[in-house]
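Order as written gives the chain letters A, B, C and D; numbering starts at 1 within each chain.
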Amino acid sequence: MGKGRLEAFSDGVIAIIITIMVLELKIPVGDKLNSLWPLWPKLLSYILSFVYVAIYWNNHHHMMHAVEKVSGGVLWTNMLLLFWLSLIPFATAWMGENHFTLWPVVVYGFILMLSATSYIILARCLVSLHGKDSVFAKVLGSDYKGKLSVRIYAIAIGLSFIHPMIGFALYALVAAMWFIPDRRFEKKITSQ
Amino acid sequence: MGKGRLEAFSDGVIAIIITIMVLELKIPVGDKLNSLWPLWPKLLSYILSFVYVAIYWNNHHHMMHAVEKVSGGVLWTNMLLLFWLSLIPFATAWMGENHFTLWPVVVYGFILMLSATSYIILARCLVSLHGKDSVFAKVLGSDYKGKLSVRIYAIAIGLSFIHPMIGFALYALVAAMWFIPDRRFEKKITSQ
Amino acid sequence: MGKGRLEAFSDGVIAIIITIMVLELKIPVGDKLNSLWPLWPKLLSYILSFVYVAIYWNNHHHMMHAVEKVSGGVLWTNMLLLFWLSLIPFATAWMGENHFTLWPVVVYGFILMLSATSYIILARCLVSLHGKDSVFAKVLGSDYKGKLSVRIYAIAIGLSFIHPMIGFALYALVAAMWFIPDRRFEKKITSQ
Amino acid sequence: MGKGRLEAFSDGVIAIIITIMVLELKIPVGDKLNSLWPLWPKLLSYILSFVYVAIYWNNHHHMMHAVEKVSGGVLWTNMLLLFWLSLIPFATAWMGENHFTLWPVVVYGFILMLSATSYIILARCLVSLHGKDSVFAKVLGSDYKGKLSVRIYAIAIGLSFIHPMIGFALYALVAAMWFIPDRRFEKKITSQ
């Protein structure tokens, strides 16, 4: 029950985040095909962010599915994750508006990095609640993909100072890496 | 459980899409009855899009009701469907703002076509998961209505170059065709 | 199951409608107490509409609680109700912006009347599905309050042409009449 | 069932409130790091409000978890709570826009005070429904933290007339006091 409502609330917030981003795709002036052209950076930002928020939902879904209990600490670390995710629409719009210049790309990466870090904290908080020898902890394993993502974000932010598009390409690479949902929790779901 | 949360998330996103479209109905300047008059193209766009999103929700509801299990692939093809649906408010607003001129009508039809295609992919992905001889596959059948819709959208886009209102009329025709919910899954629901 | 998801989707749409209305309460220019003063018509409109949407949620909640099954027709009449409710934020904003002048008050009443009519149609559709001798039909009874509301709205719209504030006062009266949730379905809930 | 849908609707409204606040973080003009600087009052307001709405969700979650039944009165006192919470985005934006000057800080505190008061009324309404000797009433206890919060808000509003930052600091103090979720209901959840 506690777990169910946590999932429902997270689903609600994530569903709103993923949908309000589209409000930043303001309709263009003019009604020609090439009136749409100036929208490409915003559309590209939107696509990357949509994929990222979808990845977070998928992984959150898989992880919470394996969870047996929640605690007050879990509720708050989950809120921390939702807080950083809620800033993605802002960073997406700023990056799209400015055609992927340096600082918007850096800030976008920073928010991705903090979201990923919050997710790791949430996972650790759940492991600590279930015990290191629990089924949950074994299924989660070493969480190397999460840790690797945070490192790639850090590198991407650094390389953005050479050219912001390198940073953007690395963010897209991390998204591609996560595109395949977390196989660790997968088997459980398939059989239901 | 996995299925339940997928339904809940899809419901959330679709509920937000259907509701934020109304934000494009900006309140008119002036407080006379005929101040409302310039809103008619936006209202007409809104009505058609409301019906379309409602149709997707109804059919998604019926299809997921018959589903027994979900997989990572299903989660992602569902996300693809939600992505194209999320662009409907944008296309609706652009079409309403420009009084059904050529390119907005074409782009609107294009997004409808991609939404319908994503829905077909989602259905196929579910058939492949359940097996071709499963109850689900038999209930879904040949999905001729989905395929027919995609073809009519293609024709509608083509005929829009003669007059955009032909395209719009064909979009409305497809909506009318789907207005009656999918009888294939209907019997199951009625008895619950 | 079918009923559960219909409730979930309606809850989502109604939750969004009730919340996006507050976006029309634009923050005032200036930071003095009397900078808030020009907001009073918008705040008053917001309060009435919040109460109305809350009434619809309460009654929808009570009615659906007594429902045993749903059909395709129920899904569509429910969508019709959600459509008219979705126009309430628009009418609220227009009425608040124009300080309760004639046409905005008339249009607001018109949308209330169509929402109430849709609710009656939904109730009839459910009665017809369950049968006239079903528990549901007996619990619903003659629905005189719903029919009375529609009549008061019609009178309110008419009297708005004498003075719009008469119309507004009558809308508030209907809300007050519904403030007490529908006792017909109440007993069932209290015992759960 | 009745309780479940009340939770679902409250979750929806609270999820939307917490997320639409971020729409007030308009993207800055310019793409430099210091273009973000003028956003600090809005970001600070956003963080405090995010924490507050999260606290309400956490406590609502814990309280409703212990609830055994709901009534019409509970539905309406819950709506009253949601009404005041729905005004938090407005007060947050006004306070952030005006850099924590007197009246926006006072109005923000006033809305916090009314939200807290509504929460107390909701708790009392639930106690009265379950009976003073019920498990629910014993678990809730004297609710001293809720009453203390209302008093601190009143003092904070008063001291804002000396300097608004004193008021703001006290609001943050109350949030910190609630940061630890309500231990009264905690034990029940952990074991599920």
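Here is the rule we go by: contacts are C-beta pairs under 8 Å (C-beta built on N, C-alpha and C of every residue); 3 or more make two chains touch, one makes a residue touch a chain.
Source: prediction; values computed, not measured.
A.B. asks: Shared interface numbers for chain A and chain D above half of all numbers used, same, or below, different?
C.D. replies: Different: when the shared numbers are divided by all numbers used, the fraction is under half.
A.B. asks: Using only Cα atoms to place each chain's centre, name the chain farthest from chain D.
C.D. replies: B
A.B. asks: Report the inter-centroid distance (CA atoms only) between chain A and chain B in whole Å.
C.D. replies: 26
A.B. asks: Give me the residues of chain D that touch two or more other chains.
C.D. replies: Only 8, 12, 15-16, 20, 23 qualify.
A.B. asks: Any idea which chain C residues touch chain D in the complex?
C.D. replies: It comes out as residues 7-8, 11-12, 14-16, 18-20, 22-23, 25, 27-28, 31-33, 35-36, 47, 50, 54, 57-58, 61, 65, 179-181, 183, 186, 189-192.
A.B. asks: Which of the residues in chain B come into contact with chain A in the complex?
C.D. replies: Residue list for chain B touching chain A: 1-3, 5-6, 8-9, 12-13, 15-17, 20, 23, 69-72, 75-76, 79, 82-83, 86-87, 89-90, 93-94, 97-98, 101-104, 106-107.
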